[in-house]
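Both complexes below contain chain A, partnered by chain B and then by chain C.
Our next item is the complex of A and B:
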């Protein structure tokens, strides 16, 4: 049966239905409907119609990369990123971020304060973006999937838990990188107009920000996996980030040596400070990478826990 | 195709299903019948690998749902109770995304999406935003995502919930058609739906399978020895109609209510079998217009009352 014939058949059915209704017969109750002859069966279109017999290059590439999980990760991350820009939340976060960075970070520090430094910009990012805006972006990633039932769609498709978690992290991380990229405008402005500018210091700080962001997003994804309520996910993420960034650092002041060294060592803020002083130390990189992978690993375990009887 | 052995799932202290065993051969359409909370969805979620059982095993196409979950998930299409949809996406875009997740090679995606859209009657909705579709249309998009990768087995949790009668009929026909090439498990709490679409029905109650068999025979077997109800719609005066019906031998109880258009609706209970012919004759002989005669079909509630009553007696 061709497409048009099928359409006609459906139109015919509809007409019959309305005719019955006009004749005063109650519209199909479940029971009598069962005994009526079934509508003409739909024929599935022949596969050859749409599917070329020779697989294309894209197909062989896809077949080669599929076992790695990469196509799944990219597909989900891309969908997430698109959803961020379709929903208001992405624009609100971007708007607030750019407003704060420009206002407090650049205009107040550089133009009004007459200091040729990126410190203002970086300060806004570390103090505000890390603790409030990242939880705003990550709160929905898994909590919303859970509440909409789409988590069931993803996890009953041949998608492994770690692929889903990696994709969720990647989607938010790319968004974060885009936000961070907007601040490069100020770095360029300073480079053009300021006489002395420590490019190495700025580059090290950016590296630090990328690493801190990666860890913060991983923690946000973990928080989002714990609940179906986005607001709760937001507060869990914010609390966790506050504790990890600042608690160790603050406790370090009140504890006698050598314990204070330990707290300063585990506090994220003190780890980040070395980047903002221009050093990209290996142990600090390891710290943030470990934090990221640890949080993502825990997220995978949380998602997998549903399958334990 | 699908094998389930001694499946049990506890949510905390409460058992959602207990010792459920059945097997579905390739190509069979199996109906899962039971009230809400009977354990239908739990069983289906275990089969799809979304939940793990507390004990027991299940396999799809020879692959264990726990240890070879990915292989199982490649072979199934699943429609959960509420269609899992991204409300901000468009229909065709969503189905393409699902194709990617289910491993459809790039060159085939367009064809598969078109096929699924045609099969589910969504041709003129393909670029609509899912969030703006009606409940019935969303359900159809849900069905489209389950079949878009041409799975060997389909697991459909209440596929016709929320559809209007016309759509329900079309969906049943589509499921029947799909069931010719593949294995289908569908759940429902409507007996007639299972009767219309399934070759075999499993009745589940309180987490246990209470009956298993062909739908017609099951209803027949469970229906015997039970009083029948016949509904007549007659044009005429209520008291006179009542008298005419009462004159028929075998009428045990009668409730007459007036319906619209000067007609009355009479519900007749009898213990002996079908009295439709005798009743029609009596009404027509008495000079009334007979508008409708209907033997009330066995409802799920009846079946259950019987099954649970039987359990208590044992």
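Our next item is the complex of A and C:
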């Protein structure tokens, strides 16, 4: 059993003993207070009477998932997500995003062009959200912890590095999904006016956007782990995303074959194309999943090396 | 080595191993063609004919996409399509190149437009221009490349016809010669007046604007050739030096109820004629034919054309490819003033058409053009990038029977056209430009307000 698990077990035992005392059950070991006159029985709330002395379902679930690290991940992710919505940055990002998608992605394409297509909306997401807004959201996730000195606190708490990284990624990813979900309104509106709208095509593009977002956020988290300055983290993430997204695609045009095939393959923009055409290709899914895992793994190693240092 | 150094080394090795594994996973999966087509109409699934055409490849098919980087180049769609063929056959090799920089390929394949796809197979090539890079176009090109047979165009000479070796940059026909070679046609000159019959190896015959009357023997052998299911491209000119020329050309078409008027057509609608040249009608809307499937809405010019007249004979299917407007008129005899006079006949006139008639087990096919200038060098690329190229090439391909190689149902467009009323637009603008951002701003203000109070 690990140190942290033992500490947790002790805490739970203490809690159970307190609960037993509240319920009038004597503790297993006589307490020194037994020599003293017994205090008058405290009035307990009705809820406390119903509380079982055995571990609850929630406790059992917690115990079951504890080794997976999921409770820690969810707790930190929830805290980060809440922080985004109680601070102005989350709302500013969401407002700017919706305004741009509506103006340039929907009105300019659908209303001006009289065409039932989500291409304009998706274009704004891939060209703006991914390279600017995602670094804006992720720049603070670890850099802020470092600048405030809370990262060391987190690293010394019973939370493993990978749990911390996964939680930071998850918090930002859920925020990204919420932003993405707002664009479903456009799809619904289009469906109302164009009954023959190809829902499968749109679904495939959303799948691609989810994968692209997961990878971009992982890269943003990695950038945020490299520095304590949020602005620097923003520019590192943006530069990295621009390179990964466009560089391979563009270099492919200027490099002689067969090297151009390699660059065109590794370019994120090229890999996203099949999704935008309504196809979910295994190689593209693997590309974005491995990009996500790779970036998260490197972030974990960065945090680990910090501890070693 | 101290403990810290050992940790750093182990850390570096761990990173290298994990990243290597992730890269290996990508390399492995890049070889597979596992994919799910989520579109309703199967936009990313090849038709069985296309799959068959890809699987029949016995040698490498080099596909070169010569694109200009930027949006609306159609590159991503075309490359996705090529990838579908590549999934079916390892012989399909794709290479993307910058059309502005890859001068070697541009020169080698005679590329005249950016965003062109070259298919090179066993020394034969097919060019797919932008707008003609659909699955149907690709498979059709593939079938032509796989076909060992090269259609032969017999080019009539000896009576003052336009020559494929005439290099004049305006009236020459070398552009057509290049067009034929690039699209896997071969051509040879035939002196019809000295032949007992049209050679059997001719897949199609071209009689383009003879300046002297055809001999009776020539008319006879061409008529017999057509009656046996022959294919003919025939073009005349207005106001010929020898009026008998028009008559002999018309006599070839007489069994089909058609002929040339010999009159010069004047187009009075400025939007349907070349700038300040009413003798050069412009056509934008075409009759439905395999020849015109890719040129609807694209302008083509017919300089100094005559009209095609007559009512089709029984059993003859006529498709009027190009016509002039009702404001046009025809001047029968040569004169200096082109102003309308009472004896001029009123339009509209047919200036290009196709005739088709069953002949035994085959079909007789004729493309009739009122002017040879519709395919002269001056109206084809690089001098002119209008639809004349497609009309000329489409004519040769239709006559060679290449239109029947493949018929795939069209795939739906990505962007469906919608007709929104003013009210619809107002509702959509309100929801997307005001309501949605407004709700976000409201949410933000509420959060700020609550935090300020509590």
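We take it that the second predicted complex is superposed on the first by the 253 of 309 C-alpha atoms of A that agree within 3 Å, B and C clash if a C-alpha of one lies under 4 Å from a C-alpha of the other, contacts with A are read in each partner's own complex, and residues count from 1 in each chain.
Just so it is clear, a contact is a pair of C-beta atoms (placed from the backbone, for glycine too) under 8 Å apart; a residue touches a chain by one contact, two chains touch by 3 or more.
What you see is a predicted model, and the numbers here were worked out from it, not measured in a lab.
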Touching partner for A:86 - first (chain B), second (chain C), both, neither: both
Chain B versus chain C as contact partner of A:99, first or second or both or neither: second
Partner chain in contact with A:66 - chain B first, chain C second, else both or neither: first
First (chain B), second (chain C), both or neither touched by A:159: first
First, second, both or neither for A:75, with chain B first and chain C second: first
Residues on chain A lying within both footprints (that of chain B and that of chain C): 86, 308
Residues of chain A defined as touching chain B within the complex: 3, 6-7, 10, 13-14, 17, 27-34, 36, 38-39, 41-42, 44-45, 47, 49-52, 55-56, 58-59, 62-63, 66, 71-72, 75-76, 79, 83, 86-87, 148-160, 306-309
Contact footprint of chain A on chain C as seen in their complex: 4, 7-8, 11, 14-15, 18-19, 22-23, 25-26, 29-30, 32, 34-41, 43-44, 69, 76-77, 79-80, 83, 95-98, 101, 412, 414-420, 424-425, 428-429, 431-433, 436-437, 440-441, 443-444, 447-448, 451
For the chain B and chain A complex, residues of the former touching the latter: 9-10, 45, 48-55, 66, 69-70, 73-74, 76, 78, 80, 82-89, 97-98, 100-103, 105-108, 110-112, 114-115, 118-119, 121, 123, 145, 165-166, 168-170, 172-174, 176-177, 181, 190, 192-193, 195-196, 294, 297
Of chain A, residues touching chain C in the complex: 85-86, 88, 91-92, 94-95, 98-99, 102-103, 106-107, 110-111, 113-117, 119, 182, 185-186, 189, 193-194, 196-201, 203-204, 207, 250, 252-254, 257, 260-261, 264-265, 273-274, 276-283, 286-287, 290, 293-294, 297-298, 301, 304-305, 308
